[in-house]
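Attaching a single structure in structure tokens format; questions to follow.
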Amino acid sequence: MSAQLLVFFILAALSVIGALSLIFQKHPIHSALSLIVVMVALAGLYLLMGAEFVAAVQIIVYGGAIMVLFVFVIMLLNAGLEEHTSISKMAGFPGILLALALTGFVAATVARSAGLFVQVAGDNGKIPGTLSSTRELSNMIFRNFAYPFELTSILILIAILGAIVLAHREN
Amino acid sequence: MPFGLLTVLIFFPALGALALLLLRADDHLWIRRFAMLISVIEFIFSLLLLAKVPVSAKGYSLDEFHTWIHIPPINYHVGVDGLSMFLVILTAFLTPISILASWSSINHRVKEFFIMMLMLEVGVVGVFLSLDLFLFFLFWEVMLIPMAFLIGIWGHDRRIYAAVKFVIYTMAGSILMLVGIIWLYHATGTFDLPRIQEVLASDLNLVDQRGEMLLFLAFFVAFAIKVPLFPLHTWLPDAHVEAPTAGSVMLAGILLKMGTYGMMRFCLPLFPDSAHRAAPYIAVLAIIGIIYGALVAMVQPNLKKLVAYSSVSHLGFVVLGIFAFQNISMQGAVYQMLAHGISTGALFLLVGMLYDRKHTFEISEYGGLGTPMPKLAAFFLFAALSSLGLPILNGFVGEYLILLGTYQTHWQWASWAALGVILSACYLLWSYQRVFFGEITHEKNKTLPDVSARERWILVTMAIVTLWMGVGSAYITRRTAVSSQTVIDQVNPERLYEGTAPAAAPPANGAHASVLAPGLVKKISMERRALR
Amino acid sequence: MVPTTYYIALSAVLFGLGVLAFIFKRNIITIFMSIELMLNAVNLAFVAFSQRTGKLDGQIFVLFVIIVAAAEAAVGLGIIILIARNRQSLNVERVDLLKL
Amino acid sequence: MLPSAIPTPEDFYRVLPEVLWCGFGTLIMLLQPFVKNRHFFTFLALTGALLGTGLSVISGAFAGPGFHGLIESDAFSVFFHLLVGTVAALVVLAADPYLERENLAAAEFYALLLFATAGMGVLAGAQELLTAFVGLEMSSIASYVLAGYRRDSLKSGESAMKYFLLGSFATAFFLYGIAMVYGATGTTLLNQMGAGNPQSNLLKLGLAMILIGLCFKVAAAPFQIWTPDVYEGAPTPVTALFSAGPKAGAFALMLRIFATVPAATHLWFWAFWILAVLTMFAGNLGALVQTNLKRLLAYSSIAHAGYILVAFAAVTYMTSDLNGSAGPAYAAVLFYLVSYAMVKIGAFTIVSQIGGAGEKHLSIDDYAGLGQRQPWVAATLSLFLLSLLGLPITAGFFGKLYIFKAAVESHLIWLAVIMAVNSVIGAYYYFRVIVVMYMREPSAEMAAAPLVRFPITVVLVLLFTALGTVWLGVAPNQVLNFILQPTLIGGLR
Amino acid sequence: MSNSPMLDYLWIILLLPLLGSAINGLLGAKWPNKVVNTVALGATGLSFVCALEAVREFFANGQAFVHREYFDWIVIPDLVHGGSLFRAGFDLQMDQLTVVMLMVVTGVGFLIHIYSTGYMAHENGYYRFFSYLNLFMFFMLILILAANYVLLFVGWEGVGLASYLLIGFYFLRNSAADAGKKAFIVNRIGDFGFMLGMFLLFRTFKSLDFQTLFANVSQRNWPHEPWGYFGTFTVACLLLFMGACGKSAQLPLYVWLPDAMEGPTPVSALIHAATMVTAGVYVVARSNILFLHSTTAMTVVAIVGCATAFFAATIGLVQTDIKKVLAYSTVSQLGYMFLGCGVGAFSAGIFHLMTHAFFKALLFLSAGSVIHAMGGEQDMMKMGGLRTKIKWTFATMLTATIAIAGIPPFAGFFSKDAILLGAYINPNGGHVLYGLGLFTALMTSFYMFRLVFLTFFGKERYDEHHVHVHESPWSMLGPLVILALLSIVGGWLAAPQLFGGVDYFRAFLNPVVGQLEIPEVIDGVAEHSMEWLLVGVAVFSALLGLVVAYWMYLKQPGKPASLAKSAGPIYTTLLHKYYVDELYAAVIVAPLMWISRNVLWKVVDVEIVDGAVNGLAHGASAVGDASRHTQSGNTRSYAVWVVVGAILVIAVVFWVHLQPPVVGMVR
């Protein structure tokens, strides 16, 4: 087993454990922390794949900003232990079974379609130099994907506006 | 002139309704007068048809063609032939009658009522005059709403149930018909009726057998619901009982005919093979309807329901006449449609007049009315007699021709159906007796007034028409002859049965003519199939 | 070298766990987190495919997803605050005024 | 050779409507602190909406791919821009008195509305999945906020929460689908996806996931489950928007994908067949038992999504049938969307007005006797209901006709029959509302209440939608010609 | 101008009563009786005069067949070959048979009109009565003048209508209304057969015009249908005969006639004795060419006629209502007429029709006079000894009784004798028919004299304080006298050669009806001696009936009661008319009503058909309601539904590979 593979498995296990922990933690703050674990683990995987910029963004924006926002809200609302109600019958056993079935099917399908992935840059999967990769990324964002990128600004505007509208307390 | 008489006929009442909209809502008298005026003018217009349509004109007369929608090619194509002409006249005749009949019995939301009456006329006349399948469907559906409103707003206790039932029943049939129409369009590339007939006639393989049967059924079920054919009839008693008098008159007098008209206009000419194959089953249903409707009518405690069930019975005759594929019976069916419109219309008017006085339809609430209201009793008897098919009144001609024609090829059908002749006497006379004969059992009934001048005018008019149709039927049959012959030709191209021989010769070599004729229709159908 | 399939499979598992979490959790905030988990799974898939194809646009997607996630988070947390204020409860099962 | 960072002027022309909508949205936000008159914002928003809508013609004139093929300006996108822009303008008009009545901030509402519209516009023009995703999110996120716009109302908040949670949930599916498609084809540009192996399970799965996401947006069963709750809880003008705008956008994308991507069209027809049947029944049967008119209309919009899916089944069938031409089926979808949007906005606007302060009068019983109390309103609502029911001389009739036609021409007779059966079920509950309006006496409370006022803006909306409904029902030629022009349909293939 | 104007305007004969009816019916309500009288009598009287003139012209033209077409009533043009597929014209014809009927109908009808002015003078609805009566005349005249079956059917149904109206004249009495309805409905049952008969004839011969049809039959050598062969002729004739049974009150459709006595007595005389009920006989005679083509049909007619004659006579034996006795007597005599027709002696049947019209009308009118005298009492048990108080009535009644009993030289003797002779020589079971006929004659004589004895002889069994017996006015007696004369001399028209007479009647009808040749030798005995023997037997049996009645009701007044007691069940059965009404009610009417109400309406219509429809609606609502529960409002559940949908979509995409169905279109 190569070192990369080993690292992969460790990080994969970490992320899965984090995800499971997200599910089984009773307190939302614990869940949030579990999610951060997942994110960090994923950031590690991104690094493993050579996507440094993405990994950085993952840590900074996702793990940092967004999750902090979560934690902040949890604190703000003083959310306590999760109330364990089971009003929804659907979401009980059948729901979990169905979700597992879906997971299983999707996982099995993608796992078995290994040969179907489109390959462009040869089989080695090496992405050309990381530095240039970030540069190319910026090139792509501002040239190829300029339009959606501009649109995201509107999206952020919407989000700000929305947050104000929703959370703003009048007098 | 871009638009001719037929367009005027269709849209004149709509204009009238629009104008009516502008009148003040509380000026009931003028609303009534105006509506009456409109409908009378419309009637006069409709009579112009008699003058303008040549007696022996083949095909459609006075037709107007305007392109309307490009994709799919839907056109405003209207035309008239002998078949539709009289139905239009009947419509235009019964509308003023109904308006007059509602003169004093409709007292709330008067304006809306008369608008609805006129809009109903628009829809019905449109149905009869459309030569574009799509246009036909359009009017067919448009007519639904005013009728539903007439039942639902001005009806009796269970009016909403009846109105909804009426709408749902009709919609159920018509939406399938829409699918059928589109399918037919898909097969022929046009909605134009004459064109479709040409296409279907020129290419026998256009639609395969199963497809044709499905198409036939899609149309037929919609029409059968409207007729109504047993067992699709249960909306009718409810609708009739709950509808106001004018609604009942229009419903029984005209709307039911739309079904049978549709059968003649579409089911037979467009799908002759399927019509032949389905005919035995349909005939059985028609016969069941005849007998069943009569039997159920017989035991109704509700006078209006009784008349309603009698319609089921009478319309069964019409369907039978159509599906016997005989010129005589076809003509009889056309005639019966008209006659039933008049006689049952008259019955409903009379029942409505009784209701205006007594506010009930229960037969047990009446009894002995012949004493306080001899004139009404006389008119009622007259209407009942015409309904039960007394010769020289209108009901006889149609029934007789239907049975006579049907008998020529299907003596069993005619024999069973003729039982209806007995039963109609039973239920009508029995109910008549219970309503008008005997001593008065309810004190209040003693002072009920006899017919007013307005009612007398209505009834006299109806009576005159009844009598005239009973005696002068040739006037009408000569004008419907070509159209029904055309239908027969389309459905029955070989014309095996109706020879010219003024009298048949006895069979040669002493071989004897058996009463039990072989199933000729079956043979035809097989021959047709062999052609494909 | 780790085969792409591994990443994809992991992403599928994480996605599934996200779905599971969405169904399983009651606290609105946690449910929202499970959505984030699903988005993360998607991101993983994008990066993996990007690595596989050698094209960078997969990574671009990740960036966009993150932006969108941020926007969603802002609005979503706003909604959560609204709910919490109005109802004094964060249990999603208690928010069932609209039904049938 | 790197593409230029500066977009060409043509690129801007091609996205002119979005630019205008976003611009006006931003402008409104900027002016919000300074202008107190809410009608000013109404005017501004209306101007923006109409300007964007009108100028979409210009973007139509510059037909072709823009922004390196991310978007496509063609008749198809122009059509949808016109549609969503008109919807936005109508919602602006309808919302003005509503916001005033409910004492809600106007500027933010309009800004969000315009942003959402821009998102739908993006969706309509998108040729690339990421762009489509961003457009989808623009409209979605704005929608979440709009759904919860009546903050004080428990129902509104709940509506927003459900829409948000489930919407994001579905978006994740959509996104995952994009990822898989990307993995299978190496691209997210729709017109380059033909390169992928159409038999690839990954591609299939990806497209399925995308379909799931979109089905959620258009409320196809069994993803329709959120619709009634969200529609009921959202402020009524927003509900009107939901039922017309985002749905149109989602359908536009669905059409693009399932008409363009070869793998997506191949024998997908059963999926649409089943979804259509489920959706029709779910909507119609659910509506049968409703007593709240707003909710009833929500169910009815599910049912109508089902009808549109019938046309989709025809589209996919036609494209899989080598000799067939899917043109009429596309046209059916487009025409239906127009007629349906018009009717739904009209109907919801009336519901919004009748609902009164705090939306208290939403029950069908509250409409008893409306035919006598406010005949014009009742007549207009009846017209809309009849159009939904599919009665002739209304737009809904032709909409249904074209779908029937598409289904029949694709030999989907049984689907057509099922749709017919559903139309009959639908007839029952639409007609029931009419019955209540005209044939029942009003309750004592309603009879005593003053007549509901209909301000000029609302009257304008109703006039436009009602006349449009009749116009499309009597003379659909112009719209049809536009829809059926070869560039529109051909542009997709 | 033709030299026979009346024949060209035959329609005037029947239009006059119609006008009378219309005028009286529409305007008569406010008029005094006199004016009504004038109109009604004027109409019928003029009609009678016109008929006389027509008959005169008929004879003047050498009895040439008269056929006039006035207008097309029902016509279905044949567009392919020209002409018409079906035509029922308003065509009238006149031949010898018509002449007989015309004279009977207009003559007797006129007399009864006159009578009615007296009889009905004090009734309410006087105008109505005459309007109906004139209407009846109109339809009856159509019936006999019609030149085709369809027009005949107009009259046929029309007289049924008039009968309905007149029976139900006292509509305040439910029994009258019931009787009227019953008459109409039972007639309709017969008409059912009649119509089918017409249809079958049309199917085979393509025409319902008498002239064309009969010419076709007689000229084209249609084969004769032997016994047991059900060909067109047999079936058509049997169906026509079914109609005749209804109209002429034959088994099993006779039940309406006795009830019809609820109507005013002149009505009974005119419609239910003299004219309408004989329409069946007329039709059979008119269609004799058809009937003669089928042994079966003829035999059935004979058997039914004979059986009815016998059967009704037995019932007549025990009835106590004076009109009921006469009613059963009518049924019985009608049976005779059919017997005559059935055995081929058509002219005898028609002859009996004519004489019967005289004496039965007379009987009824006399009975009416009696009832009039008794102040409305109809029960013979409450009469008696009237002989001295109403002499004229008694005299006329006695005349009629002698006539009907068949005692020479009164009219009934000749006609009945001719029928019996015809029966006797009929090869198909003629002796049995003869025997039954003879026995019926015996019974007829018995019950008729019983009637006379009970009414006019013996002690007065009524309360003289309450009933003031008085003779009727001359407006009533006049017709009685005239009819009495006719009852006496009417028979001489056809005095058989046996008595040295010339059978004018038979000779006269010869061109129309097929004639029965009386063979030279019957049963090995020379014809004349045999005939003498038969006459002797007939007269003897009539006298025997007279004697028995005399013995039972005048000599031994207690005898009938004791006999009745000893006969027990038989007597009761006879008294209740064999329980036929009850049987019909129990076997047909009640089950039909029960099924209609409790099965067809309440189960099939309400439960099954409507139930299915409503069930569908409810089912849809129930499913809708059930589907509500998926809409639990719980976001978690919703998420699961999304997952379900996802699985569904994926599953369909991956595993459903069916080809789309292609239905029904080849193209």
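For this structure, a couple of remarks:
Just so it is clear, A, B, C, D and E label the chains in written order, and each chain counts residues from 1 on its own.
In this text, a contact is a pair of C-beta atoms (placed from the backbone, for glycine too) under 8 Å apart; a residue touches a chain by one contact, two chains touch by 3 or more.
Worth saying up front: this structure is predicted, and the values here are computed from it rather than measured.
The chains that touch both chain B and chain E are D.
Comparing the CA-atom centres of all chains against that of chain D, the greatest distance is found for E.
The greatest centre-to-centre distance from chain C, using averaged C-alpha positions, is reached by E.
Put simply, the C-alpha centre of chain A and that of chain C have 6 angstrom between them.
Remark: chain C and chain D have CA centroids separated by 26 Å (rounded to whole angstrom).
Separating the CA-averaged centres of chain B and chain C is a span of 65 Å.
With centres taken as mean Cα positions, chain B sits 71 Å from chain A.
Those residues of chain B in touch with two or more other chains are numbered 168, 183, 186, 214.
Multi-chain contact residues of chain A (touching two or more other chains) are listed as 87-88, 91, 95, 99, 102, 106, 110, 117-120, 144-145, 148, 152, 155, 158-159, 162, 165-166. In chain D, the positions touching at least two other chains are 130, 134, 137, 141, 144-145, 148, 151, 160-162, 165, 169, 180, 183, 186, 201, 205, 228-229, 413, 428.
Of all possible chain pairs, those that touch are A-C, A-D, A-E, B-D, B-E, C-D, C-E, D-E. Within the complex formed with chain B, the chain D residues making contact are 328, 331, 372, 386, 390-393, 397, 400-401, 404-405, 408-409, 413, 416-417, 420-421, 423-424, 427-428, 431-432, 435, 438-440, 475-477, 480-481, 484.
Chain C meets chain E in the complex at residues 19, 22-23, 26, 31, 92-93, 95-100. The part of chain A that touches chain E in the complex is made up of residues 87-91, 94-95, 98-99, 101-102, 105. Touching chain D in their complex are the following residues of chain A: 106, 109-110, 112-113, 116-120, 139, 142-148, 151-152, 154-155, 157-159, 161-162, 164-166.
Taken together, the chain C residues at the contact with chain D in this complex read 8, 11, 15, 18-19, 22, 28, 31-32, 35, 38-39, 41-42, 45-46, 48-49, 52-53, 55, 57-58, 60-61, 64-65, 68, 71-72, 75-76, 78-80, 82-83, 86-87, 92, 95-99.
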